[in-house]
Amino acid sequence: MIIVGGVAFIFGFFQAAKRGDKINKENAQKNQTKIIFWHAMGGPLGKVLDEMIDEFNQTHPDIYIVPQSMGNYNALSQKLLASAIAKNQPVLAQAYEAWIAKFVKGDLLLPFNKFITNVEDFKKDFYPVIFEDNVYKGKLYSLPFNKSTPILYYNKELFKKSGLSTSPPQTWDDFLMYSKTINKKNSNKLGYVGAGTVSDFECFLVQNGGKLLSDDGKTILFNSKEGAEALQFLLDMKYLHHVADYYIGAGFQFQTDFITGRASMMIGSSVSRIYIEKNLMFNWGMAPLLRGKNKGVLIYGTNIVLFKNATDKQQRAAWEFVQWFLSPKNQAKWAAQTGYLPARISSLKTKEFQKTIKNYPGLKKIIMGLKDGFVDPRTAVWFIARQNLEQAINNAFLSDKIISAYKNYNSSLASDPKNPKLKKQLNTRVQSIIKEELDKAAKKTQKWLE
Amino acid sequence: MRTFRRGEKRIHKDYLSDTETAFLFLLPAFLIIFVFQIFPMFYALKLSFFRWDMITPKHFVGFKNYLNLFSEKEFWQSLGNTFYYVIVSIPFGLGLSLFFAILLQKGIRMLSFYRTAFFLPYITSMAAIAIVWLWIFNPNKYGLLNYILNFFHIEPQKWLQSPILAMPAVIVVLIWKNLGFNIIIFLTRLENINSSFYESAEIDGANKWQQFWKITFPLLTPTTAFLLTMSTIFAFQVFASIYVLTPSGGPKNATTTIIFYLYKNAYQQFRMGYASAIAYVTFFIILIISLIQKKLMKTNYEE
Amino acid sequence: MKMIWKILLHLVLAVFSFIMIMPFVWMILTSLKSPAESIEFPPKWIPAAKYYVSYGNSTEEIIIKEKGNDKWKGIIKAGRNRGKVLTIKKEEVHKKQFLWENYLKAWKSAPFGLYFFNSFFTAVVTTVAQLLTSALAAYAFAKLDFPFKNILFVILLATLMVPKQVILIPNYVILAKLGWIDTYKALTVPWLASVFSIYFMRQYFESIPKDLFSAAKIDGCTHWQTLTQIVIPLSTSVFVTTGLFTFIASWNSLLWPLIVTNSPAMRTLQVGLTVFNQESGTNWTQLMAASTFSLAPLIIVFFLAQKTFIEGIAASGLKE
């Protein structure tokens, strides 16, 4: 039996080795400029990327883009660092703004200005926030690659069943009202389920008129009254009105509540659509985030960079590809199949995208909302800031002091329902605890800015 | 041409001395280990005296990294978490492993199946298994543990999201995962204890319990010592599995171990010099503890 | 052994075996579920019976509303065509409970045949090499006398005490300078020796009675002969164990192959598995299927290895 197994194995290996050789040979074509592109997309998103790169390679026979997936962003970051040190970088790579800022500092990148004759013209068809996001020291060191924003997913059927309009809520007040109605009409259902993420908090903060960082980049500003109020709004939804639930530190688990219909609304990335829509068994919609005092939607995702140590030929070929990828038609295709948002304004007008909007009507408003978008500060310090913020938010959500503050309020209210002072006391108490946590996070982060 | 020194005959054979043989025998391993472990280790030591973000050139800061280290609250917290982990997981882990290793010796049927079952957690990848544990420890009432607690009228616990329960929960998972490894090492040794020892003991009237303490346990001492040393060294460096269970480091950093802290500094905050300093402080701590362990074991048992 | 003890033993082992393998059983069951079932909460253990029909270009899952004599009525469960009512012939409805095709889908989603080969090649080379280098070194430390013996051993142990995370970058640079990135050399050469294996074998060799060595020496054996003809035959179980651990460690290693390889042609199984687990979501059913078939060889290797333990080692015929 061992012999049979051994023979089978050996046979299998030679087959696999042959296939390996074939794949290796495919990469070695003469007269082609070979471009290695490191990214971190896998699964269905990676598939779309591979298909688009295939299409480019077919239509541009003198260029050969070789995509190499690093599995996830952590690994991609480690690889980019390692290759920077060993000086064997690829030609193109996907990168976060914080990494790009570092690469710019280390003079590793080639700005795309080299290939753009008129930057002002080029700039026109891009959403300003997204375009500026790629400008460092006055030059265009990167270009948008996979941008997405958090959006509101909502259960149209549950809305209808509860007597609400199937148009989504637009303001904080609407949001609360919808949630209360859902919960009232269906005692086992919630209005909103969330994960208390940093991105959620940043959006609510900005919507409440707050800021993350001062304009000169020197002072942390998220530990403001607006921040405390924003976080309290979310806490109120659960502990005061009992119309929301949160899965703190539990990844994508919160989405399950929305998928099973336990909660009528959730906030998730526009890309989540690709993963959950097959499982949604009810009529659902997508909408832009809420409006508080202001509009505020965080634009996240990575950009694409070109490394300086590529040869001249490689640089030009890389630019061909990036240009092609950023064309309105291809951006529309990319957006339609992945849930990422098209970086080009004119993508909206393409036929391809018109079809997508027909299938997902909420998408139009979401994309138009990109002009109210904001991005995270582009410093590596923001990585630490996010981690500290995450701690602060988790602490607030799980805080025994806060939970008992709400408990006391509820019991005091029962015996003294008309007392206006009680709510004020609750607000003060909860916000002071939240502020304490935010202050700690701010202080820990501020140290790095010096 | 050496002459054979011992014994009565003098044989003219080309024997290498002990030292020369040792040199040849050690060469292959040392070559690899020197290039890929020892040399990088010293490079990292050098790095710990620099400030380096891996992109811009490094600059020398002397002992500043170490001084900063000792004044960072998060460092002490992660060190404390690590000690907590080591002190709890090792006795339980080794104790349980020994217990099961004894049970899994010869004597009953289906031994292959049982042994494979105990070994399975060790070889299964954490990524695939984590989801199951996350469900077991799910903080709402449908999580498996809370579901069971419900039958005893105990309130659902927050488990991995509770600052108090997070580390114990992680410890349980890691003991479960590493049990197989320790069991196999114990088994390897147990299987080789000559059964005639037990037979003669039985003839002398010793029961199973006495046999264990007088024969098995003493003969296992070198293995136990080995496992204790190794487990301690590995336990101090626990990280990857914890990262999968609590990627954010746990509520209030409850499950942030020293290596987790190192990883954050090196790869998320680009502080490679500082991270190297953390590595060397960890190294010294492990070294001291290993030396203490060795001394204690020497005084308790004869070599 | 008395009957009652045997029964008790079986009971205890059975209960704990169940606890040990429960997550693994879950893994396999989940690999056979539909994507919707895999994210259900509270989760079900066993996948339910599901009904599928072809609709347009794809297969859709339906919920059966009416079962007529030859025509059934069903509603499409999810996705774009959610809610559409279909009347289909009974024969055209496929009932499935365990979705074995998840394994095929997972296999096809990346060049897993190639990954298997790479993992196996790396693991075998590493294991064989480590057994050789470790046996030699362990013998030297256990039985030979030479200057600096203790210092050298302490240095070896020290390498285990320095966290690997800070060794990663220097190693990468060394490999890059040698031009070995993205080759089999990078995957195997750094692991041709292991301090753990040396320490483990040394610990075992030291327990071999000294009389054997004295006898060998009197007979005029060189150390090489002593090693190959006496020590190794006595150490089968240690070799098997060390080989087992080395194979497993190599098979399961993720970070190292990830960092030192770039192209799909050089990727190993563990790296291949990351394709299912993305920032934006995880494909649970295929991840579980892929994890299961990645695990299978290890189980086989272990099963074969532990048979050596059961067969036992012939008594060495010595008195301690």
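Residue numbering begins at 1 within each chain, and the chains themselves are lettered A, B and C in the order written.
In this text, a residue touches a chain if its C-beta (ideal position, glycine included) is under 8 Å from a C-beta of that chain, and two chains touch if they have at least 3 such contacts.
Quick caveat: nothing in here was measured; it's all calculated off a predicted structure.
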Chain of greatest Cα-centre distance to chain B: A
Distance-to-centre winner among chains (Cα means, whole assembly as reference): C
Pair exhibiting more inter-chain C-beta contacts, A-B or A-C: A-C
Between chain C and chain B, distance of the C-alpha-averaged centres to the nearest whole Å: 19
Distance from the mean Cα position of chain B to that of chain A, given in whole angstrom: 37
Between chain A and chain C, centroid-to-centroid distance (C-alpha), Å: 34
Residue list for chain B, restricted to those that touch at least two other chains: 54, 138, 267
Interface hub residues of chain A, defined as touching at least two other chains: 78, 81, 85, 253
Contacts with two or more other chains, residues of chain C listed in rising order: 41, 169, 255, 277
Residues on chain A engaged by chain B in the complex (per definition of touch): 74, 77-78, 81, 84-85, 102-103, 105-106, 108, 248-251, 253, 380, 383-384, 387, 390-391, 394-395, 398, 448
Chain A residues within the chain C interface of the complex: 9, 12-13, 15-17, 19-20, 23-24, 27, 36, 38, 40-46, 66, 68-73, 75, 78-79, 81-83, 85-88, 90, 252-253, 255-257, 259-260, 269, 271-272, 274-283, 359
Residue numbers on chain C that touch chain B, as the complex places them: 1, 6, 9-10, 12-14, 16-24, 26-27, 41-43, 132-134, 136-137, 139-140, 144-147, 149, 152, 155-167, 169-171, 174, 189-190, 192-193, 195-196, 198-200, 203-204, 206-207, 217-218, 220, 222-224, 237-238, 241, 244-245, 248, 252, 254-255, 270, 273, 277, 284, 287-288, 291, 294-295, 298-299, 302-303, 306-307, 309-310, 312-313, 315-316, 318, 320
Complex contacts: residues of chain C adjacent to chain A: 35-36, 39-41, 77-80, 82-83, 111, 113-114, 116-118, 120-121, 168-169, 172-173, 176-177, 181, 255, 258-259, 262-265, 271, 274-283
List of chain B residues in touch with chain C within their complex: 4, 6-7, 11, 13, 15-16, 18-19, 21-23, 25-26, 28-33, 35-41, 43-44, 47, 54, 100, 103-104, 106-108, 110-125, 127-129, 131-133, 135, 138, 142, 147, 176, 179-181, 184-185, 187-189, 191-192, 194-197, 222-223, 226, 230, 233, 236-237, 239-240, 259, 262-263, 266-267, 272, 275-276, 278-280, 282-283, 286-287, 290
